[in-house]
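First chain written, first letter: the chains are A, B, C, D, E and F, and each begins at residue 1.
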Amino acid sequence: MTHLPYGGIATFARAPIVHPAAEWRADVAALGVPFDIALGFRPGARFAPRALREASLRSVPPFTGLDGVTRLAGVTFADAGDVVLPSLEPELARQRITEAARLVRERCRLPVFLGGDHSVTYPILRAYADVPELHVVQLDAHLDFTDTRNDTRYSNSSPFRRACEEMENLVHITTIGLRGLRFDPEAVAAARARGHALIPMTDVAGDLTRVLERLPRGKNVYLSVDVDSFDPSVIPGTSSPEPDGLTYAQGMAILAETARHNTVVGLDVVELAPSLDPTGRSELLMARLIMETLCEAGLDGDRHA
Amino acid sequence: MTHLPYGGIATFARAPIVHPAAEWRADVAALGVPFDIALGFRPGARFAPRALREASLRSVPPFTGLDGVTRLAGVTFADAGDVVLPSLEPELARQRITEAARLVRERCRLPVFLGGDHSVTYPILRAYADVPELHVVQLDAHLDFTDTRNDTRYSNSSPFRRACEEMENLVHITTIGLRGLRFDPEAVAAARARGHALIPMTDVAGDLTRVLERLPRGKNVYLSVDVDSFDPSVIPGTSSPEPDGLTYAQGMAILAETARHNTVVGLDVVELAPSLDPTGRSELLMARLIMETLCEAGLDGDRHA
Amino acid sequence: MTHLPYGGIATFARAPIVHPAAEWRADVAALGVPFDIALGFRPGARFAPRALREASLRSVPPFTGLDGVTRLAGVTFADAGDVVLPSLEPELARQRITEAARLVRERCRLPVFLGGDHSVTYPILRAYADVPELHVVQLDAHLDFTDTRNDTRYSNSSPFRRACEEMENLVHITTIGLRGLRFDPEAVAAARARGHALIPMTDVAGDLTRVLERLPRGKNVYLSVDVDSFDPSVIPGTSSPEPDGLTYAQGMAILAETARHNTVVGLDVVELAPSLDPTGRSELLMARLIMETLCEAGLDGDRHA
Amino acid sequence: MTHLPYGGIATFARAPIVHPAAEWRADVAALGVPFDIALGFRPGARFAPRALREASLRSVPPFTGLDGVTRLAGVTFADAGDVVLPSLEPELARQRITEAARLVRERCRLPVFLGGDHSVTYPILRAYADVPELHVVQLDAHLDFTDTRNDTRYSNSSPFRRACEEMENLVHITTIGLRGLRFDPEAVAAARARGHALIPMTDVAGDLTRVLERLPRGKNVYLSVDVDSFDPSVIPGTSSPEPDGLTYAQGMAILAETARHNTVVGLDVVELAPSLDPTGRSELLMARLIMETLCEAGLDGDRHA
Amino acid sequence: MTHLPYGGIATFARAPIVHPAAEWRADVAALGVPFDIALGFRPGARFAPRALREASLRSVPPFTGLDGVTRLAGVTFADAGDVVLPSLEPELARQRITEAARLVRERCRLPVFLGGDHSVTYPILRAYADVPELHVVQLDAHLDFTDTRNDTRYSNSSPFRRACEEMENLVHITTIGLRGLRFDPEAVAAARARGHALIPMTDVAGDLTRVLERLPRGKNVYLSVDVDSFDPSVIPGTSSPEPDGLTYAQGMAILAETARHNTVVGLDVVELAPSLDPTGRSELLMARLIMETLCEAGLDGDRHA
Amino acid sequence: MTHLPYGGIATFARAPIVHPAAEWRADVAALGVPFDIALGFRPGARFAPRALREASLRSVPPFTGLDGVTRLAGVTFADAGDVVLPSLEPELARQRITEAARLVRERCRLPVFLGGDHSVTYPILRAYADVPELHVVQLDAHLDFTDTRNDTRYSNSSPFRRACEEMENLVHITTIGLRGLRFDPEAVAAARARGHALIPMTDVAGDLTRVLERLPRGKNVYLSVDVDSFDPSVIPGTSSPEPDGLTYAQGMAILAETARHNTVVGLDVVELAPSLDPTGRSELLMARLIMETLCEAGLDGDRHA
């Protein structure tokens, strides 16, 4: 097997390809969701699953750090390919996403979903309807809890609203990195009414430790990483950049802390638009972010508490 | 008024802005349709209406040629802006497109529709349901007469199929520039059964004069220009390039011949993806193509016969 | 009116278009100055007015923040288009800029000038010759107070020198963000002789609060934002990047503090070169910066003191 | 299986992945050779195998033409991945390429080699040392028969020289598309001394039919397509563009004629540098060229004679 | 001396650097004129002299063709660097250009001027005021004979008008490649009144031989190559592309015929904007065009007649 | 001499061109090493020497700071061009690099080497075999002390391993900026066994002052700057970006501190890939970094202690 990132067929972390519905088992499985017609500005997230797979080839586990500790050794990976999506038909697309996510969940310990725009998180979450007391930790510049935007209830502004309406087990969301000039007051009120934690970016910049303390502990957590939570200088490849975002280290600290102290049941990376970043670093860094998060998820047996 | 293409607010040909439903009259009116979620490969046509407006500022009429003849003098223009589109909801989008197209048609002699992907031609054509014996002349590498593709009947492969199903007055389509490895046999058969003229690119390259002779004469004609009819070296900014396409001169000859010998009731330019052509020539040439077609459409009173 | 940033004709904040010399009134009016032949390195700022208009469509007021406070509600906007500029003739260009700036100033409370290279600030400032005790707060990596550079007195290195020579009412300039290897000793001495505040970037990085304390209070202030004051990782789209510049938050803090404690009589954003930043974030962030500054300028009646 | 070109893991023509040395059979098998350190100007061909695989997803067989004829139905494909290459060590790289090419040859009827720069054709050809009376048809702007260039005998200027020295069975080369200001006189003389056909581009432009008549008939032919044989307007993505090259149709005519009248034993596409063509058409067209050549190679049983 | 185009300091054809006013002699000397503030659309030609120098390193003479003939052997080259230009001051810039052009002319047989926008040809031509019966052969999509445009008499639309006004010895201009929607009727009339040959692109496409017959013979000819004379697919890197332009071969045929049958006293290449063509072929092809023209200019002693 | 960065032939800091082996003397001399075939991911560093020369024209000494102090006045510069490299032959390339580096070292006080990938530092260091107790200060995200990677001992992962094996006088290396998921345990152990200082990026971010205290003092120091030591948002133009890297100020502080307290015997800047950063800031900032380092190297007589 080659070690050159540009060599070989690009599967996630050089994992074997599996069909979601086939017989297979893995600790970690990637599923691509190349769907980006629900965003309202600059498309391109449909190309992110493939870009993340290619970028993952610079970060193939296991990893031995400068400290000599080896991580993700013995952890098995699979690549379940992409959800087979229709053109244009959003309702059908959502069904297919939920179904594929369910199949992958049943076959691995930790599914990694490669979006797509943020609207895909709603049909993905539907595959978690059986998880008791599901928590979400969402890195995001935007709340994405809007009821209706531009005449649709299924845009990338609404995934968590739809999921919360439908899933009684989705008990709490922690949204970190909020900033921007404009919020939907109804959405903010609705999220607060449900008791969600809305943590603005200024809190992260001001005192990261206190933010870390507000994260859930001992829960079943789904991690949703909207790459626009990061500063546009860190991740330029996204539809809707907002200034003064997370550094890589801040984002990673939040993900690591969450992963160490909870059971991560799923992880998505969304809103990555590779063609908007000709330097290529957006996908390289986000592929590494996934790997580092996996390193903290207790997959190698020594779960942190 | 500035003559610098980069100066001033970019309306089509520096025309005044009008609301489709307001009181106004013009010989020519532009309407943008920034809709591109029905294509199956590389998005970006949503940015084409704005790009074509900017590019039109290098080609603002009237035009005096090297021969001293002035064209489009006294012809009035309006810019009706863009159709106000929802996010994601295709059925609603089609309704809005049809409605806006109808309003613009009622207020001008020749509407110019700035797409968008080719799926928009179907809802636009619905605004022509009252035109007796409507003909379409379509420049295209692809037939776009497919019944269903990727689980949808409304993709950019199907606009003319849907229009023909619904509009009895749409009596004939001449499709010019066909090429490519793969055709949908059912679509080809269906188009042929309706008597459509399917003219492959090899015919254009072989004997353009004979192709021109096959164009309709004395009809009400809607012109639909898919920019992928042109060779990718001429117009690189498109989702699905096919080699060995039209030169600008060939495309212009077909449009001019059609315009001179028929009544042009509408014109669209679709599938232009500006961000795929960093040289910027794709929109510059297509804006000029629109203007040259208008020059031949008999708008200045001396209709050709 | 559409809410999709890529939809519709791009005027500043979707404001109505007005001719500078016509009858109109607005709280805020934008005037583009697409002039970039006075810079000495990488051109492209001529495309900035249009890019900023497009980018402003992601930030159309009013804005309701996460705190529930709504800002810029009821504030009226107009877009006065671009100054009609000649090709090549710098003296005539400066006359036209001054004249248009004067017309816009007379018709609105706060003009926003969309440059252009920094040389345009001189002819713009001439439209403020009647303002008593005019102060300037300038965000800039460079001093721009040079007498002559490369055989010209009107380059983008000299706007404030020329303005100070000509305008007795221009009593003080605070320049923030200075850095770089090379300064013109004569210019530094001349600025210091006039009592200008020359605040290097290291001061901002060291203690922002003390920098904020050095800002004017209770004055008539013209804000001039050279985008190269920002770190190149924040705003890559500029001719002459200098490392270790302002974060967005630092720049915004200075502008907000100035706006809250003074009467802002004008605002320009200059040296933005959209084509040098293929990620598109430079114009998106600078359009938002303008909006946030307007939010702090007391336009909605509750002026801060 | 998805039909969206951006969906799914990109193998050549969506073929199953095989290891070169495993047990498998296919009519056609792709092998990538991501090696580009032997070229002397603009690198990037190392990224071509992956780009060609992605591009192939727009051209997955079988193909039904406008004429209703279906091609490549029932023909089986495999993707043997990329040769596992060392960094830097050219001799070892050549050994690995020869070995992998041999394994693939043994398992399929027609191997398709995805370069890489043109130097890879030498080690690939070594895998054909057993083919009686091997002919090569080479589309190329350059002769690539130089003995030594820039102190090396293994650059992309020398592959055919090395192959001819070593392989007695390589009896003839037809090189088509030659042009450019500069030729190595020694190389020209050596090629002519061996009886090679050196066909300049002017011959193709002048009378394609006569060029087609000069192609071999009834031979075992290896096809080597240097993408710089094409006009740079057709295929901009290459290290060393030369003006006035092949149109797609001309190149395809030569390949089709060769394939119809000979036994094609192998095909390579080399010198494609995807990052030099941001429009993406270079790989899209070259992937299609491969497919069209396969259509003519008699793989579906009805071999032409 | 390296043969790698990316190696070494880029002087034109690896020639020694000379100061225009120093003591030196050469057959051919290059002089860069990085001035582009007189064009009215997309700047960037200021970067062309450097880009052409770099590109020339792929085409360093002498050249041995496929026919075995060696050209430009023994011809000496010098690189006189760039004219030292002021910022912004057009009148001073023109003086400096004329002066430098004069110095270079005195020291070499054939100066090659690397523009710059087309306005530079006027001050360059002033350095030829002593040449008896000077003819110009101009490859151009546009006439560039306009009296005034956008309030200036010195834009890139006027160089030949200004030169003809001032230089009695400039007796004739042949302009080839004219096309486009719009011509300035006054300019056309003025050029015709002086007896200039205005040859539209359609004539070149129709019958190149007849165009070649209309070229001057036995004259002192200055060649001015506006790269927008070429088709935008051939040379995308230019401010104002016009469709249906020259192929490289057509342009080269005109230049070769002119060079063979006249005394070429100077050559310029203008309006090349490298940053508008990310494929890099625009400068590579234009550098080669210069070299091929030199090959035909009789510099190696065997002047054609 | 022009002051416009885009004007004139680009030598380093506008220095005169010298041949390495000729008779010349200078305080500072630049030598380009356009070699990038030893890296394992994205090539392009071969274009860095030329890009750094161009970028240096914005930072030509002497420099007068805002503090009025003038630096590098009277310091003489030379540009020794690029090492004349073979194609492909790594061993020969290394010989040529060592030889040229030696020649340049003998003729100047401080050579500046413009890479190239990091593998070039090994043959450069060989030119320092006579320096007593040579120290290296290396800014780098990676250790580059690996014995063998991908079947080669001479990749850009191994330069310091090879140098240490061969050069007894290379007594110590301080590597600063280390980060990343994966380290080669054998390399880490080997470096530690030799007593090298391995300073992770977290140390720099945590307490820069303590890092500065760990730098050598009073030694002969060779500075090796791998641009991937910087954060990818600061320097996007590099093959292998790693998040959370140095700010410009941090990197400069380390270089300045080292230069002030030691004798700098050489400086290289490697792994810069200009084509990966279309904003152009990577080379502009790295050229300035070189100049600022030179400012601190005591070249103007007042060595710091």
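The rule is short, and it goes like this: a residue touches a chain if its C-beta (ideal position, glycine included) is under 8 Å from a C-beta of that chain, and two chains touch if they have at least 3 such contacts.
Chain identities (UniProt): A, B, C, D, E, F = Arginase family protein.
Note that the coordinates shown come from a computational prediction; the quantities given were computed from them, not determined experimentally.
Asker: Touching both subunit C (Arginase family protein) and subunit E (Arginase family protein): give me those chains, sorted by label.
Answerer: Expected: B, F.
Asker: Just grab the chain with the largest centre-to-centre distance to subunit C (Arginase family protein), centres being mean Cα coordinates.
Answerer: Most remote chain from subunit C (Arginase family protein), centroid-wise, comes out as D.
Asker: Please identify the chain with the largest separation between its CA centroid and the CA centroid of subunit E (Arginase family protein).
Answerer: Comparing chain centres, A lies farthest from subunit E (Arginase family protein).
Asker: Where the CA atoms of subunit C (Arginase family protein) average out and where those of subunit D (Arginase family protein) average out, how many Å apart are those spots?
Answerer: Their C-alpha centroids are separated by 56 Å.
Asker: Quick check: how many Å separate the C-alpha centres of subunit D (Arginase family protein) and subunit E (Arginase family protein)?
Answerer: 38
Asker: Quick check on subunit A (Arginase family protein): which residues sit in contact with 2+ other chains?
Answerer: 4, 6, 40, 46, 85, 87, 149-150, 233, 278 - these are the residues of subunit A (Arginase family protein) that touch more than one other chain.
Asker: Using the contact definition from the top, classify how the chains connect: line, ring, star, complete or other.
Answerer: Contact pattern: none of line, ring, star or complete.
Asker: Dump the list of chain pairs that touch, please.
Answerer: Pairs of chains that touch one another: A-B, A-C, A-D, A-F, B-C, B-D, B-E, C-E, C-F, D-E, D-F, E-F.
Asker: Show which residues of subunit C (Arginase family protein) lie in contact with subunit A (Arginase family protein) when the two form their complex.
Answerer: Contact set of subunit C (Arginase family protein) toward subunit A (Arginase family protein): 3-6, 58-59, 63-66, 68, 231, 233-234, 247-249, 278-281, 284-285, 288, 291-292, 295.
Asker: Residues of subunit E (Arginase family protein) touching subunit B (Arginase family protein) in their complex?
Answerer: 40-42, 149-150, 178, 181-185, 188, 198, 200, 205, 232-233, 236-237, 240-241, 243-244, 276-278
Asker: Using the touch definition up top, name the residues of subunit F (Arginase family protein) that touch subunit E (Arginase family protein) in the complex.
Answerer: Those in contact with subunit E (Arginase family protein) are residues 1-2, 4, 6-11, 17, 32, 34, 46-47, 50, 53-54, 79, 81-85, 87.
Asker: Can you tell me which positions in subunit C (Arginase family protein) touch subunit E (Arginase family protein) when the two form their complex?
Answerer: 36-40, 43-44, 46, 85-90, 92, 119, 149-152, 154-155, 275
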